[in-house]
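Note that chain A is present in both complexes that follow, paired respectively with chain B and with chain C.
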Partner chain A sequence: MLKSLDPRVNRLNIPLEEAAHAQKNKLDQFETYEVFVQTKEDKPFEHVGIVHAPNEEMAFLFAKEQYTRRGMFCISLCVIKTENIRVSDYSENQKDIYDTFEGKYSGKTTYSFEVFHLIKRGKQHKYEGNVQAKNFEDALLAARDTYPRNKPVLNVWVVKSEDIFVSDEEDQDLWDTLQEKKYRDAIDYRAADKIKAFKEKQHEH
Partner chain B sequence: MYGGGNVFERMKATALVDEDPRKLAEFEARIERGEKIEPKDWMPQLYRKQLIRMIEQHAHSEIIGALPEGTWITRAPGFKRKLALMAKVQDEVGHAQLLYAAAETLGKSREKMIDDLITGKSKYSNIFNYPAFTWADSCFISWLVDAGAIVNQLANAKGSYGPYCRALERICAEESFHLKYGHHCVIHMATGSKKQREMMQAAINRWWPPMMHFFGPSDTISVHSEILMKWKVKMASNDACRQQFLDMYVPKIWELGLTIPDKNLQKNNETGQWEYTEPDWDEFKRVINGDGPCNKERLAVRRTAEERGRWVREALLAPKTKYITPLA
Partner chain C sequence: MNTEAIKELVYKMADDLLILGHRNSEWTGFGPLLEEDIAFSSMAQDKVGQSWQMYKILHELGDSEPDTVAFMRNANQFHNAQFVELPNGEYDFSLIRHFLFDSAALLRYQMLTESSYTPLANLTKKIKGEAKYHSMHAKIWMKQLGSATEESIQRLQNALDEAMPYALGLFEPSPYEAHLIKDKIFAGEEALQILWQKEVESIIEETQLILPDWNSLIPALGGRNGQHTEHLQPLLDEMSEVFKVDPSADW
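Up next is the complex of A and B:
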């Protein structure tokens, strides 16, 4: 058995051969979901990253753990399976990506889509709004005709509204976890007094 | 948590001959202007490869780094320390997830990265191949190893690859708690009983050599490091990081009446540089290549966790299995 200083490791009873043997079975990777967080009532949802999960509900739970650990920065959370997001090209140097789209918006309202914009490299996609269209390409054209563009848009994400899994209005208390968790904040670890007292005592001797 | 001194791929002089010179020039101009590179942008193969390697090593370091500290959660002195250490270790594992996600945008799956960790193909920060004998070792790690990691992470957060920078911003926000918590622990030990002081001093004596290794050997001036700097993959030399760490933390160790086991350690007031005994780089190489006190254990624990957690992943992958209420 593998012997360790760590009693928990010893309790695992890992045979030495197993420790030496180094093969893992085939890939069993979960799909990825893109995660968006809303930090304040008047702020849009913003992309924060991804999680791996077997389904939407688990993705939501993982996202809550991963991206809202310090709860005060979240009032709402949503997850979207990566494959359900249609990504436009990226535009070059200050050009607006919408200007590269050709064609005319159909005006049809077959599906509802949500639109996210990236304004600057290095930043993350932000929620822009909802459009009705017959398909993804059409939704991009609808967005082009709908949103004012004071700043050039670098990249657009479009997703069907039905493919978004979002936290419930009523579940607001999901995010109020901080009060009894002060120990996770730097501010809870002031120690200047202790150092000062220690130095003074050293001086006396 | 994270160790610098990344092991980068050895680079051939011909590494860039296959790249389209016009695209390469545009790419370099973008970095020059201070713009970030995003996943869908064109990038040289070498940039992709080196970044994957660096971010992946960083992610593995967070996961493996949780092991020596995790050892002490159940034996941490008092409820509050247990809570705090548990939160810190959770943070570190979360950092690994953020970093794996950033590396994945470059085209290597998380699964493959975890495979490469547990088969020993990928490296992680060498310092975690040393054991945490006492609670004081855990205090040392929380304060000073994290401090070293923060020096690296703050530098890298200014790099050129968007997803990595964003992950690091999130990570650095949490590290401030780690640093304060760790310092608090060490202060408590150093200003405590004689026995506590002795324990703390012994831990510093044990951890100082690996701490000096932490930032990696001096960078040699080579085409290699030049191009990584130019592409803002590597943001500061190993020596510059080590100097910054010494400058910030040696005085803080000394003010607690603790000593550092290196007779030659002093700041040269003329050059502003710290002088120290050259770390034993042979030992560093030996340990990073597998022959350290805990290498085997670290990988075995990871592999066991992976294998024994398999049934959970399989169960989750079968959502169609319907639950039916028992009949009688």
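Up next is the complex of A and C:
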């Protein structure tokens, strides 16, 4: 049996010779969902990362613990299945990606879309606003005509409003937690002085 | 204020949280997928944190320091329900216990926000947000696995049948029920159990699981009086191993 310093591992009685794993299907991972967090009433939703999950409800569950736990302010959280987000090309050399779009916005209001902008490389996409359009391409053109662009937009994400799973307003208390959480932080275990003293002692010998 | 009645109430809540928090933390690193491992571990940590706050209330009522109370007692001095000390088993059992326990915990906290005993009312107002997430997490898993595949449904059903008599032990009446109700400290285990059964029924209805007949169940009682299964003492030994190396050390 596998021996470990962790008693939980020993209790699993794992044979030393690892049994052959059952054949797995390729691509058996759950799908990914993009997670967006709103930290304050007057701040836009901002992309924070992804989670794997079997459906959007579970993606929401996982996202809450993954991205809005420690020392992070959050008043609302939303998840969007990655495949439902249409991503524009990326622009280079500080050019505005909108300037590369050709065509004319139809003015149709068949679907409602939400638009996210990336303003700086290495930063996250932020929510810009809502547009009505007949399809994704049309939504990009609508966004181009709608939003003022003080700074060049490097990349645009567009998603149908109906594909967004957002927390209920009444669930804001999910983020009310005990303030006193110092015991969770490694910083509370002040060992530096002891380690220093130990090293000095070692040195003397 | 009836201090003995309050202590009995707070001790059983704190011990439930500490023991289940420790049990659930045994999943850390072994969870079925990374995101769930993190979420389940975080909730375990919330529970230990909540128990600590309750031990602090008991400390203010004259009992020992929270660490001493948590780590230096023997099994027969713990007031947790036997339900929370049972080994984790497979994830199906842990999820069912999570669902049954946390639905009760959330309802209990909601009731206690109205408590005439201010420290408890204030604390439960602070922690009911965490409990709401825990309960939401459990319910979504129930709905997901309770209607997914033949295997998932059967596994949850077996776990539910096994867990239910123990879950009823959560509502073991205290000798002070009448005092607690009269002094408006807590509306009582019976009132809580009625709300809880309704809640459990409403969730199970949305799955393909079958609830056992409430009347046919024999509750596993005794935990509130320090009568425990053989599983509690080994848990305590493991949990307090480091603390007992040097109880005076400042961590």
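In this text, the second predicted complex is superposed on the first by the 170 of 205 C-alpha atoms of A that agree within 3 Å, B and C clash if a C-alpha of one lies under 4 Å from a C-alpha of the other, contacts with A are read in each partner's own complex, and residues count from 1 in each chain.
Heads up, the rule we're going with is that contacts are C-beta pairs under 8 Å (C-beta built on N, C-alpha and C of every residue); 3 or more make two chains touch, one makes a residue touch a chain.
Fair warning: this is a prediction, and the values are worked out from it, not measured in the lab.
Trainee: Quick check for you: in the superposed arrangement, does A:Asp171 touch first (chain B), second (chain C), both or neither?
Mentor: It touches chain C, and chain B stays clear.
Trainee: Scan A:Asp42 for contacts with chain B and chain C and give back first, second, both or neither.
Mentor: neither
Trainee: Which partner does A:Val87 contact after superposing on A: first (chain B), second (chain C), both, neither?
Mentor: A:Val87 sits against chain B, while chain C stays out of touch.
Trainee: Please work out whether A:Lys64 is in contact with chain B alone, chain C alone, both, or neither, and reply first, second, both or neither.
Mentor: After superposition on chain A, A:Lys64 lies in contact with chain C alone.
Trainee: Among the partners chain B and chain C, which is in contact with a greater number of residues of chain A?
Mentor: Of chain B and chain C, more residues of chain A lie in contact with B.
Trainee: Quick check for you: in the superposed arrangement, does A:Gly122 touch first (chain B), second (chain C), both or neither?
Mentor: Only chain B; A:Gly122 stays clear of chain C.
Trainee: Per the contact definition in the header, classify A:Phe30: touching chain B only (first), chain C only (second), both, or neither.
Mentor: both
Trainee: After superposition on the shared chain, which partner residues are touched by A:Glu102: those of chain B (first), chain C (second), both, or neither?
Mentor: Touch status of A:Glu102: no partner.
Trainee: Contact-wise, after the overlay, does A:Pro54 reach chain B, chain C, both or neither (first, second, both, neither)?
Mentor: Touch status of A:Pro54: both partners.
Trainee: Once the two structures are superposed, pull the chain A residues common to the chain B and chain C interfaces.
Mentor: On chain A, the residues that contact chain B in one structure and chain C in the other are 8, 12, 30, 51-52, 54-55, 58, 65-66, 69, 181, 183-184, 189.
Trainee: Under the definition above, what is the set of chain A residues touching chain B in their complex?
Mentor: 2, 4-6, 8-9, 12, 14, 18-20, 22-25, 27-30, 32, 48-52, 54-55, 58, 65-66, 69-70, 87, 89-90, 121-122, 124, 155, 181, 183-189, 191, 194-195, 197-199, 202
Trainee: Taking the complex as given, what residues does chain A use to touch chain C?
Mentor: Those in contact with chain C are residues 7-8, 12, 30, 51-55, 57-58, 61-62, 64-66, 69, 171, 173-181, 183-184, 189.
Trainee: Can you name the residues of chain B that touch chain A in the complex?
Mentor: 35-38, 40-41, 67, 70-71, 74, 80, 83-84, 87, 90-91, 94, 97-98, 101, 104, 109-112, 114-115, 118-120, 131-133, 162, 165-167, 170, 174, 176-177, 179-181, 183-184, 187-188, 190-191, 255-257, 296-297, 299-301, 303-304, 306-307, 310, 313-314, 316-317, 319
Trainee: Which residues of chain C touch chain A once you look at their complex with the stated criterion?
Mentor: 26, 29-30, 33-36, 38-39, 42-43, 45-46, 49-50, 52-53, 126-130, 132-133, 136-137, 140-141, 143-144, 238, 251
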